[in-house]
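Below, each structure is written out as structure tokens.
Each of the two complexes below includes chain A, the first together with chain B, the second together with chain C.
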Partner chain A sequence: MHDLATEVVLALRSGDHLATVCGAAGIDEDNRTGIAAVRVIGADLLLPSVLHGHHPHPGDIAVLHRAVREFPPRPDASDAAVWSHWGMMSALHRTASATAPGADEPNAAWLEGAPWQAFTHQLSVLAPLAVPAASSAVHRAATHRVVDLSRGFVRAVRRRNWLQAAGAGRWLAALEGRPDSLGLDRGLDFVELMGGTDPRVALHVRAARLMAEGRAR
Partner chain B sequence: MTASVAAAPGGTAGAALSVLPVVLRRALGWADAHRAGFVLPEDVLEPHTEVNRTLKPLGELAQLCSTISRSTAPHTPEHATANDLITFAWDQVHAGDLLLELLRGEPFAAYPYEIYAAFAGFGLRNECFERLAGTLSATRGWAHTEQHANRELGLINSERRVGTAPHTDAGDVLARTWLGGLSEPWMFEGPSGYALTHTVFHITDWCCVPERMPADIDAYLRAWLPPWIDGCLESRQWDLTGELLAVAAALPGPPPTDLLDAAWPALATAQAPSGAVPETGPTASPAETAQAASSGGADPDPYPFLACYHSTLVTAFAAALSLKRLTTHPAETAAADTGAAV
Partner chain C sequence: MYTTETTATDIELDLDEALNPGEAEGFYRDSRECAYLALLGGGSALLLSPPTPRPKKG
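Moving on, here comes the complex of A and B:
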């Protein structure tokens, strides 16, 4: 999983339209351990192509398909796990191949009433859903609670929870209406420099920067 | 024990009001019962005497009780206790004569003036003190005293209280503070926290004039007090939590009820049955407290005076302000908590 996240970060940095994340990490459709790691990375497997605006590598699509099929949410899965799975299906659906059917959105009512601390924690776990032009009930909930998410970012930085801070920061980079005084750009730099040895932190920070640049254009 | 806003995240409506009267009564009761700790020693003016153990606690007692008095309704026991404690403190400084002696000993220091201002703001004056202090505060040297920006705001507020013209423009000084710079909220920590609470205390005359707070600082504080208070509660920084809650209760306009409802029950858990609130860390178990009480002084008090007088006074101060704001602005709009604009 560590290697896979590192490959996503490298692909985000290079912007190479021929990049294959799974190929670089030595994962193919028949590698069950690798596919389990893809399930953890989730929809972010295709993030480099989404943010750089090119078609994903067919090998990556095939592996993501496999992960969706082989690791469906269990009946007792958490809401976040159900949403993460939906996020993978949604990412596949948005690819040009569109071989996966669009799935109905899971319930997001549990997010509406969550205190801002828990809300930020859950949104951070669901950071792969923070991609441009991909609306979902989670995205809409985040849009309505930008100040709460900003507070959660502050809390996460102060608790040195770099992964949660990076995930929350990624959402904030994708949304309008955060308080200017938050200082998100410098905050993300700080999070990356303090916690960026975890490739998942680097992934979210890189995604946040690319989305901010895309919004600025 | 972990008392955290995270443990009771949203707070339930009315939760603050359900604990505040008891928290205030107990904290003020502790101060009243521990007057001996505030009594000035005979050698208070001697150079070897530590001001931080003598005049500082007494000045804080006068300062914070002054706001408590102004925030509580006449004829309530809390109002009467606060007024009694101010009278007690004024007696301790011999109606200002002792502060005059202090000033004569250190004529170019600001702290005698600041302690005096705590009383002057309550209408307790000493003509001879003001004659000497007035001469000194009209000098160029006084106006160019080198100090931190939030301390300079304290001096400006003291000048207002005494009734002399401020030596410089408060707005310029405010802009140099951590708070006035609308600093990145994720950089908040203990020292910046205390700097910002005192900036608010000085610009609002110890939370009695919230209207003096500029709109951008109001919105900034509404946005960021929740994560700061959450963090202070989680790390059991009770003293700073109390100061931040006083700030929350000093915002102009409707009070941030969600924040007060979430935080006050958590701070209340740190208060001992005696009313004492420790500055930081775990609170003593009931067994430890009972053991110390029954030992006739053989066992150390788990709440020694110097370790908890400040946090206990601050708790009473913040509780009185919160009670006043919540009872005079009931059922406010949700907009009070958003802080969306800054």
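Moving on, here comes the complex of A and C:
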């Protein structure tokens, strides 16, 4: 999982349109453990192509398809696991070579009434859904609770929960209406400085920066 | 290339845990880290502000 996240970060930094994340991580369609790692990283497998605006590598698409088929949500799956699976299908559907059908959105009502601390935790877990031009009920819930998410970002930094801070920061970079007093850019610098050795943290921070740059253009 | 049923189950259980982790315990900042944040410059006043006072017991 960490190797895979590292390869996503490298692809985000390089912007190389020929890069294959799974190939670089030594994962193919027959590697069940590797497929499970792809299931965890989810839609972020295709994030470099989404944020750099090029087609994803066919090998990465094939492995993501395999992960979708191989690890569907179990009947007792958590909401986060269900949404993560939906995010993978949605990412595949958005690719030009998509063969996966678009799936109905899962329910997101559980987010509406969540206290801001739990809301931020859940949004951070679902950070792969924070991508440009990818609407979802989770995205809409985040849009309605930007201030709560901002509070959660500050709380996560104070608690030294760098992964949660990075995920919340990524959402905030994707949303309008965050308070100017938040200091998101400097906050993300700090999160990267303190927690950037975790490739999952580095992934979210890099994604936040690319989205912010894209919005500034 | 699947090994055993047991392995498959183990992977699925690990997946559940990875996809829906609980929130980690907080470890609060020390003064050295506060100094880093201050050095990063302006715009982080909210992050540097003191913690919200907590109600006293009793």
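Operating definition for what follows: the second predicted complex is superposed on the first by the 217 of 217 C-alpha atoms of A that agree within 3 Å, B and C clash if a C-alpha of one lies under 4 Å from a C-alpha of the other, contacts with A are read in each partner's own complex, and residues count from 1 in each chain.
Keep in mind that, in the parts below, a contact is a pair of C-beta atoms (placed from the backbone, for glycine too) under 8 Å apart; a residue touches a chain by one contact, two chains touch by 3 or more.
This one's a predicted model, so the numbers in the text were calculated from it and none came from an experiment.
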> For A:157, is the partner it touches chain B (first), chain C (second), both, or none of the two (neither)?
Replying inline: both
>> Let me test your reading of the model: by the given contact rule, A:147 touches which partner, first (chain B), second (chain C), both or neither?
In response: first
>> As a test of reading the superposition: which chain, chain B or chain C, is in touch with more residues of chain A?
In response: C
>> Between chain B and chain C, whom does A:186 touch in the aligned arrangement: first, second, both, or neither?
In response: both
>> A:115 in the overlay: touching chain B, chain C, both, or neither? Say first, second, both or neither.
In response: first
>> Looking at A:177, would you say it contacts chain B, chain C, both, or neither? Reply first, second, both or neither.
In response: first
> What residues on chain A does chain C touch that chain B touches too?
Replying inline: 117-118, 154, 157-159, 179, 181-183, 186-187, 190
> chain B touches which residues of chain A in the complex?
Replying inline: 115-118, 147, 150-155, 157-159, 177, 179-183, 186-187, 190
>> Can you tell me which positions in chain C touch chain A when the two form their complex?
In response: 1-3, 8, 11-12, 14-16, 18-21, 23-24, 26-29, 33, 36-37, 40-47, 51
> Across the complex, what residues on chain B touch chain A?
Replying inline: 5-6, 9-10, 182-186, 188-189, 219-220, 223-224, 226-228, 230-231, 234, 338-342
>> Under the definition above, what is the set of chain A residues touching chain C in their complex?
In response: 1, 30-33, 36, 39-40, 71, 74, 77-81, 84, 117-118, 121, 125, 154, 157-161, 163-164, 179, 181-183, 185-187, 189-190, 193-194
